[in-house]
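Paired with chain B in one complex and with chain C in the other, chain A is shared by the two complexes that follow.
Let's turn to the complex of A and B:
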């Protein structure tokens, strides 16, 4: 058996696991505390936001910060529902499209033979290190040239091609046995059918991870609203939330915490759902 | 798999088009612009290597603050963040499923809050007056008597930025490594212990790491990118670009300072190209490390 009775992915608790808990739990507290704090902060009524000494936990939770947030939005020309709608459209489009094109490209790079294969994969690997903020200016110029400035496409198109997604999906597809594809071909399945019926179902964990990546890159993106759009009516929720967090007052702090929470919760929920599916599929897929 | 000659290109086309337009073309343009003087209004004027020469000889802020800050920041947040991510993922893989999932979720969650949420939280923690959490805690513990104005004190800005960056760095690389660890077949470990692997250390180096190389490399790449992308933390926390006395000024901030505040786009492009150069050097080292271990 494995060393000291410990093993990877154990089925049962064993006292040898205790040392891991001894440092993992304090680290988890450090990592999680600011998030617990922001949740509490968002629900603090005015007097608790002002309170001295500062309190970590909320004692009389209220929705006053959320009310203030929505009232401020109602006071401006664009209702908050518009920002929510924009974010929703843009996010769904980016996640679906980037999964679609990355899995297609990943399939070609992983399982097909063609001349430029290695070159394309190498270029994509180099692009993994692409830091978008470093080339913001030429990106703006390109988007202007393409003619999508100040449209929904300005939010969507620049974010769809994610080298990280493709890399991850391609690496994962490499583990799918070629014999499965050959068997499908013998039965007369074409490339697209194999992609749809064999490759996609077998790469679910990578797709889930890719979806998380794409979601995060678009949901909290402020840049596309800031730089590539000028009409307030097509800007996104994260942009609006970001303008609020600049307010330095205590009331502003409460509102900003509420805003931060609204941005954070979908992220968290999506991850909880996806993470369990990633872990489950990994544990039971049995392909290596 | 055998296909028609055109099939792979059909599958690749949508990705390649978008990839070229929004990643390759802007990068090439950045290189081209870096040899010009461009103020975003007039036509760019070709100036040769002037921008690069100025960057390396005239720009004292760059040489004195920005470059050393960037290297320090990247070295700590990159390699240290990476090793931490592997260590945490490995530790988590030794636990049963439920606690592992919960702890992994908590450790991963900060990387979801980068941006808006992060700014709010850490600003309140490091508030400059006595009602800031950090000041209050330190006062209660008797370590300080006067509140520290964290975000204006040049001694503290950089360490705080580094801590916040590390806090948020357990992202997808960490998850990929955890998944990789759990995917290693248990028979490998059993075979290794029969073959005489004695301790955890040997096990990690001879079995675990070689068995999860794809995830290790991916984690390394993510660590490099993360280290350079986290460059906005200083500006977000202090609320100003440049950061107070350039204490946490990184290359990403320097680019924005020149590009969007001063509209010296040609010069900003030269800084971008230098930044991309540094990033590729880092990732080159990372890739060398992982191909040797094969």
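Let's turn to the complex of A and C:
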């Protein structure tokens, strides 16, 4: 039976499972290919990087790309730890704040009644599909006017409001039954208590998905460093990695591969941490 | 409700103390969001709309030079940019083709991952992983090296098969096959959303159906699909939005180059992006109309029928 929701990993292997593996394993190999590629590519020595036809797997793994990367980094005026620190501050701030704001707004839009509610959601939907390029210059002007150019806020504030996040979370909150909230209300819980104790625990999967999206959008973001900052000491790791690999030298290619692996590892860690807490929460959350 | 003259305590228009407090709380909860969106989206979008209706010059701030005709930028997008209408049409068609594939694929994978299999969490991870690297330079390298195409179907065979079709239909299908793997790599979030949805379907429903003699196939159509309807809508919209706003799509690239080109300028690019947004909005509206839940009407009809039946019984 494919469809038997709430039981996680069966204890024993059963021959009923074989057809599933027949489909899943080949597709999984396809899906896993990019990760294998990134790891392999980073360890390729120069001759293999430029080999034609290009090879997928590395045959003589070496650390030469990483060595080049760190040597170049050591030679620059600002230590790489500074960029890492900047990225860390900005990423943590954006993920936490955007999740807080999106869940609060999602709760209000999904479960509360007030005027202009639908208009607000429509505005969000419009923002959702708007082309980012068209708003970069107006955003720059806004940031200039507010006076946060060249500060951490210039990295954080433009990314906090994530329309995709709000949309996902709001749609998930619609699934929380009203009767649960009414019960909580009868027990004397206020709006904030309901939000914190009922809504948040029940929408964990959506929140985690939103967190991953937010993390991705900020961690790999080069634009804010490029446009809204001018001093080197406030820029982020992804920007730095980008400049290193964009030098245009032959070494640059190898360094780009190494940088890609380094940028990818936090993504991977975050997902491993998230997925164990996320995937199975729905089954036990008491939602029907 | 509007037609009734009797005062109804549940009338939505009646302002009670409790309702006012709910409003206040609602606004409080949404206030940070409104502030953020107003500053960084609404204001920026209004500005770009103004840009698109004028000819702007950047020197010591911005000067808005009025155009001889307000719609000039929009007109010249269609008149001068030869590629734009064709690219736009192709993009729309490609979107309409890709979206159902992504939805079907992710639903199937989610169903499988929700079943009883070994090493489930490992598989889940693998299917989600491409998403977290899908952005960035790695993906471009991969596509450049041809990893993203299906090696089994050579381009020639496909062209032969498609040669009977008119060009404007054949081209998107060809594109579709050449980026099939890319499509699959982009369905991680959708799989996650479907999985979360599937786990909420109470297993008692399936047990009851089984006892009544329904096959797995039947319970998929009668239980899983209807329950998942809202998730399908959510995923469809999410898919369209990510495909439409992803950095590597042709139109965004075109808008980017045009916006920063010396000859055409930012206001021209702004006009182009507004046209693009309108097209995406139309596609989203169609998706919404097609997939929205119609159950409300249905339920009302059913209850009415049951009530009538009950009356007949009483009579």
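Everything that follows uses one rule, which is that the second predicted complex is superposed on the first by the 223 of 288 C-alpha atoms of A that agree within 3 Å, B and C clash if a C-alpha of one lies under 4 Å from a C-alpha of the other, contacts with A are read in each partner's own complex, and residues count from 1 in each chain.
Assume contacts are C-beta pairs under 8 Å (C-beta built on N, C-alpha and C of every residue); 3 or more make two chains touch, one makes a residue touch a chain.
Because the structure is predicted, anything quoted here is derived from the model rather than measured.
Who does A:34 touch here: chain B (first), chain C (second), both, or neither?
A:34 sits against chain B and chain C alike.
For A:80, select first, second, both or neither according to whether it touches chain B, chain C, the two together, or no partner.
neither
Can A:108 be said to touch chain B (first), chain C (second), both, or neither?
In the superposed model, A:108 contacts both chain B and chain C.
Once the shared chain is lined up, is A:214 touching chain B (first), chain C (second), both, or neither of them?
Neither chain B nor chain C is touched by A:214.
Which of the two partners, first being chain B and second being chain C, lies in contact with A:95: first, second, both, or neither?
Neither partner.
Between chain B (first) and chain C (second), which, if any, makes contact with A:260: first, second, both or neither?
Both chain B and chain C are touched by A:260.
Check whether A:205 is in contact with chain B, with chain C, with both or with neither, and answer first, second, both or neither.
A:205 contacts both chain B and chain C.
Classify the contacts of A:271 with the two partner chains as first (chain B alone), second (chain C alone), both, or neither.
both
Based on the A-chain superposition described above, do chain B and chain C contact any of the same residues on chain A, and if so which?
1-4, 6-10, 13, 17, 20-21, 23-24, 27-28, 30-32, 34-35, 37-38, 41, 54, 56, 100-102, 104-105, 107-109, 112-114, 117, 120, 123-124, 126-131, 133-135, 137-139, 141-142, 146, 157-158, 160-161, 163-164, 166-168, 171, 174, 191, 195, 205, 209, 212-213, 216, 220, 245, 256-257, 260, 263-264, 267-268, 271-272, 275-276, 279, 282-283, 288
Over in the complex, which chain B residues touch chain A? Could you list them?
1-5, 7-9, 11-12, 14-16, 18-19, 21-27, 29-30, 33, 40, 88, 91-97, 99, 101, 103-110, 112-117, 119-122, 124-125, 130-133, 136, 167, 170, 172, 175-176, 179, 181-186, 189-190, 193, 197-200, 203, 214, 218, 221-222, 224-225, 228-229, 231-232, 239, 252, 255-256, 259-260, 265, 268-269, 272, 275-276, 279-280, 282-283
Which residues, counting only chain A, touch chain C once they are in their complex?
Spelled out, the residues of chain A in touch with chain C are 1-10, 13-14, 16-17, 20-21, 23-24, 27-28, 30-35, 37-38, 41, 54, 56, 100-102, 104-105, 107-109, 112-115, 117, 120, 123-135, 137-139, 141-142, 146, 157-158, 160-161, 163-164, 166-168, 171-172, 174-175, 191, 195, 205-206, 209, 212-213, 216, 220, 245, 256-257, 260, 263-264, 267-268, 270-272, 275-276, 279-280, 282-283, 287-288.
For the complex, give me every residue of chain A touching chain B.
Chain A residues touching chain B: 1-4, 6-13, 17, 20-21, 23-25, 27-28, 30-32, 34-35, 37-38, 41, 52-54, 56, 100-102, 104-105, 107-109, 111-114, 117, 120, 123-124, 126-131, 133-139, 141-143, 146, 157-158, 160-161, 163-164, 166-168, 171, 174, 178, 181-182, 185, 191, 194-195, 205, 209, 212-213, 216, 220, 222, 238, 241-242, 245-246, 253, 256-257, 259-261, 263-264, 267-268, 271-272, 275-276, 278-279, 282-283, 288.
Along chain C, where are the residues that touch chain A in the complex?
19, 22-23, 25-27, 29-30, 32-34, 36-37, 39-45, 47-48, 51, 62, 109, 111-121, 123-133, 135-139, 141-142, 145, 147, 181, 184-185, 189, 192-193, 195-196, 198-203, 206, 216, 219-220, 223-224, 230, 234, 237-238, 241-242, 244-245, 252, 255-256, 259, 266, 269-270, 273-274, 276-277, 280-281, 284
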